[in-house]
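The structures considered in this document are given below.
Next, two complexes with subunit A in common: one pairs it with subunit B, the other with subunit C.
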Partner chain A sequence: MAHPTLLGFQDAVSPVMEELLHFHDHALMIVFMISTLVLYIIVAMVTTKLTNKYILDSQEIEIIWTVLPALILILIALPSLRILYLMDEINDPHLTIKAIGHQWYWSYEYTDYEELGFDSYMIPTQDLASGQFRLLDTDHRMVVPIESPIRMLISAEDVLHSWAVPSLGVKMDAVPGRLNQAAFIASRPGVFYGQCSEICGANHSFMPIVVEAVPLEHFEKWSSLMLEDA
Partner chain B sequence: MAETIDDKIKNYRTAPFDARFPNTNQTRNCFQNYLDFHRCNKALSARDQDVSPCEWYQRVYKSLCPSSWVGKWDEQIENGSFPGKI
Partner chain C sequence: MLATRALSLIGKRAISTSVCVRGGHGVAKVEDYTLPDLSADQKSLKEKEKGSWAALSNEEKIALYRISFKQSFAEMNQGSSEWKSVVGGIFFFVGFTGLVVLWQRKYVYGPVPHTFDPEYKEKELQRMLDMRINPVEGFSAKWDYENKQWKK
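Then we have the complex of A and B:
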């Protein structure tokens, strides 16, 4: 999850997020190398005593600094497009969960078999138990089974919101009257946090998302318990 | 044909991929299945046939559509103000 000294992405939980993370490492490395080269050249130009007023052209270097950037761009574009198409692949979901944004909480519906629905409010700071995270923990978590393709359908009841969980690599706008689909697989069990990502009023910063990925048997037990409580 | 429909309903896990709605916006997918369920019911009961195949559409729209939308549409059907054609 996010911590104060975090510089990069949070650890990936879904295969797509892993790909995105590695691609970002690749692209950023290229960017660092180019920046270092340019900075070196600038420093070298500025600190040299050598002068030459008579160079008019140079076919060779012109070719190099045209072809090399083109190659670098291809090196960036190919993995990028690969991931883009990977994210668009037709998957066969095992479970459909609806996340509906309200001012200022999320509600989750699991209606494949029974009508399970519940609200998820942020735990107010004064009510936090020891060990809970301020502005991130909620009273009810969205529980999902691990290693199952999940289809998320995101919508909103009032204004625009956005359902985002960085470690799953998911962010999808919640638009009133519209049903947006996103998909993910939780490769490992754990608790993953996200926050509303579209300005939605006074408490926009106080409607977080918590996803808890558990083995299938635990998920089944949890859903029976939730149905009883409802 | 009826047996395979029953099998499909029995082995239902969640709404499968529908090639008619391949993109991010699944609003129409939900609405279409809701319409198809009611049209199926209306058509089959008009001929006094078994309406159990229509359960497929119901399972799909229940999976996809937010409960508030379903509640609103059911109410509209009851008082005759539903905007879709059934």
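Then we have the complex of A and C:
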């Protein structure tokens, strides 16, 4: 989860998020180098005593500052496209979960084997148990088995929402009347937080998402319990 | 037809993008390369300049320089004290903004949620460590679970 002194990304849970992390490091390094160069040039231009009012053209430097940015852009585009196509790979999900956005909560449906469905409301601040995270914890979590490709089908019942969990590297708009598909693999167990990412009314900031990744046996126990309670 | 006409131009002449050479107005100012109106004394000095420069006295050389240039290099490069006013102004407005912020905190904003209490924050911290939040490089990675303290 995010915390106040976090400057970069949260630790990756899915392989795709790991790739995105490293790509961001790569792109940011390039950005730092360009910014440093430009800052140096600006300072040099502003502090120089040399002047020449009659310069007419400058073919060499024009070529350099056209070709060099083109090369840099290629250097950014190639890894970027690689990850883009990686995200679109054909995968074979072990589980399909539907996440449906409402005003102002998420509901999850596990309908592969049985009809399991439940709502996930944020815990109001005054009802927080000791140590629970304000505006992040929910009454029911979306539990998934670790190391299994999961297919998410995301939609909405009323207005636009967006289902986002940064540490999984997933964000997908929840559009009424439309099914959007996203996929992820949770490589390690844990609890992962996200928040609704499309403005949807008064309580848009108060409908978080909590994903709990557990070993398969625990997932099976959980789903049996949830079915009994329903 | 148009393409061959265009192609025959290219290679025959350089396409100039320099406004000053094409005479775009205002770029090559006439004051930059003509003499200003001269008084009678200055005109006779200019005539004397056509002879040997060793014959010119120092004051005459300086007068000739001043005809062509408004400032000497020393005058041109001297700084001013303007920066002190600018920095002072910045400090003043930043300080004033700070006062506004403090007033707002006291008279406008309500109390902070109970989750900001130090005891609650401790419980949150313990829960984050128990849940192994960000254990790879982030939060929990910096906690030494054996010795129950932050890693040095």
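What we mean here is this: the second predicted complex is superposed on the first by the 222 of 230 C-alpha atoms of A that agree within 3 Å, B and C clash if a C-alpha of one lies under 4 Å from a C-alpha of the other, contacts with A are read in each partner's own complex, and residues count from 1 in each chain.
Criterion: contacts are C-beta pairs under 8 Å (C-beta built on N, C-alpha and C of every residue); 3 or more make two chains touch, one makes a residue touch a chain.
Since the model is a prediction, treat every value here as computed from it, not as a measurement.
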{"item": "Subunit B versus subunit C as contact partner of A:T96, first or second or both or neither", "value": "first"}
{"item": "Contacts of A:E147 with subunit B and subunit C, given as first, second, both or neither", "value": "neither"}
{"item": "Touched partner set for A:Y54, first subunit B, second subunit C, both or neither", "value": "second"}
{"item": "First (subunit B), second (subunit C), both or neither touched by A:Q10", "value": "second"}
{"item": "Touched partner set for A:D119, first subunit B, second subunit C, both or neither", "value": "neither"}
{"item": "Partner chain in contact with A:M1 - subunit B first, subunit C second, else both or neither", "value": "second"}
{"item": "Which of subunit B and subunit C A:D25 touches, first, second, both or neither", "value": "neither"}
{"item": "First (subunit B), second (subunit C), both or neither touched by A:F133", "value": "second"}
{"item": "Where subunit A meets both subunit C and subunit B, residue numbers", "value": "none"}
{"item": "Partner subunit B, residues of subunit A touching it in the complex", "value": "90-96, 98, 100, 109, 111-112, 115, 117, 151, 153, 155, 157, 172, 177-182"}
{"item": "Touch list for subunit A against partner subunit C, complex", "value": "1, 3, 6, 10-12, 49, 53-54, 56-57, 125, 128, 130-134, 167, 188, 190-191"}
{"item": "Contact set on subunit C toward subunit A in their complex", "value": "16-18, 20-21, 32, 77, 113-115, 120, 123-124, 126-128, 131-139, 141"}
{"item": "Residues of subunit B defined as touching subunit A within the complex", "value": "12-17, 22, 24-27, 29-30, 59, 62-68"}
